[in-house]
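As written, the chains take the letters A, B, C and D, and residue 1 is the first residue of each chain.
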Amino acid sequence: MSATVTVRLRYLARYAELLGVESEELALAAPTTVGDVVTAVRAKHPAASQLPAKPLCAVNFRQALWGDPVAAGDEVALLPPVAGG
Amino acid sequence: MSATVTVRLRYLARYAELLGVESEELALAAPTTVGDVVTAVRAKHPAASQLPAKPLCAVNFRQALWGDPVAAGDEVALLPPVAGG
Amino acid sequence: MAILTESPIRLDPLMDQVRSPDRGGIAIFLGLVRDHHQGKGVLGLDYSAYGPMAEAVTIEIVTEASGHWPQASVAVQHRVGSLTVGDVAVAVVAASAHRAEAFDACRYVIEELKKRVPVWKKEMFVDGTVEWVDPTRSQELGVRRGEVDNA
Amino acid sequence: MAILTESPIRLDPLMDQVRSPDRGGIAIFLGLVRDHHQGKGVLGLDYSAYGPMAEAVTIEIVTEASGHWPQASVAVQHRVGSLTVGDVAVAVVAASAHRAEAFDACRYVIEELKKRVPVWKKEMFVDGTVEWVDPTRSQELGVRRGEVDNA
């Protein structure tokens, strides 16, 4: 039986509204990547089908690429296109 | 006998210090130009030998060229290189 | 001073952060809430941010500016919460010995901030509609398409 | 509002002159008295101006900026009299719908103002000497040589 990693998810702005949640924890089979985490989000939330194919993501407050590894305790954020200023 | 035009001279900043006067009137033979006015200033003020060959001049608050005409009542200003801001 | 603030942005404390006797130029940019967006009347905006990342990315951008213009010192603040038309949403203050670096550093920071800092705004329109602003849906708004691969 | 002032320059009235609900960006430049000039310590400056011409040339420059950036609105103030290190000598405030025009108009006006507006400064140095600043005597300071023919 494989180990699991528990990560904290953050959904920001429009994505939080879309999924109806701002923050949650998800357990995934290790090893896992940003892409795997987003796949798990889609499996859990039907509304996630409205997310772009590859939403902008951050791991521990730094922008991350699709294949970047995610470790236990990491905070993975899904970010809509930014619109500050 | 030729007509004369009386003009108001303004010496600004360093030039006022150089000539020891900020403002005065000069009468010149008509017709007269910016160049003629500066020549008359040189004749009157020995210290004017320290002015540049062709100092920056304004007639009625607008920058003027050496050959521009000057009429009675005009204000002719001799301006050091500007240094604002 | 925190980069994100729920209170109105005040210019004086930001200027005090960067001014010094050897800096002769201060360039400032203020972004204000406008009364229209893409042809629709705007009543106000709700700004939200991903706080820790917004702070980190802003510090990163300011550090990049210090690399490009070593004489410049830059202070930034971004408002979050409910803003109305005319409110200052963002302020960038750059001081330097000479004006060229102050302008260039100020411009760099606001351009990068708008591209990279995780802040979002929800627009309340005069017609009663509400909409999240999405720069990638406007025409010709640059390379950032909300895709990890392009980012 | 008069362009030349003997009182400290205040930013708020200048901003009020140019802000409006359809202008989302304000770019500001402040020129401050620095503590050094060409390697010498500065105590303070005396600014003097040829008043009516300074006002006329500044209006001319602002009008040129309005021609180049029709959406921009620009306010300018220049201090005259005795200033000490850190005092604001000049302020240019440009508001526009978008930030690019605000920055460009602000930059244009300060660059032209420094080249064309008849204002002079006399520097009081820490070593007790006093000197009129003459940009044409510094190295590489552009085309204006104090000659009518080149002006």
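Assume a residue touches a chain if its C-beta (ideal position, glycine included) is under 8 Å from a C-beta of that chain, and two chains touch if they have at least 3 such contacts.
In this text the structure is predicted, and so the values were computed from the model without any measurement.
Any chain that touches chain B and also touches chain C is listed here: D. Centre-to-centre separation of chain B and chain D, using mean CA positions: 26 Å.
Rounded to whole angstrom, the centroid-to-centroid distance between chain A and chain D, based on C-alpha atoms, equals 51 Å. Shown for chain C are the residues that touch two or more other chains, namely 31, 110.
Within chain A, no positions touching two or more other chains are listed. Pairwise chain contacts present here: A-C, B-D, C-D [touch as defined].
Residue ranges on chain C touching chain A, taken from their complex, read 31, 47-50, 52-54, 56, 78, 89-90, 110, 113-122, 132-136, 144-149, 151.
Chain C makes touch with chain D in their complex at residues 11, 19, 21-36, 85-86, 97, 99, 102-103, 106-107, 110. Interface residues of chain A facing chain C in the complex, by the touch rule stated above, are 10, 12-14, 17, 34, 52-58, 61-66, 77, 79-85.
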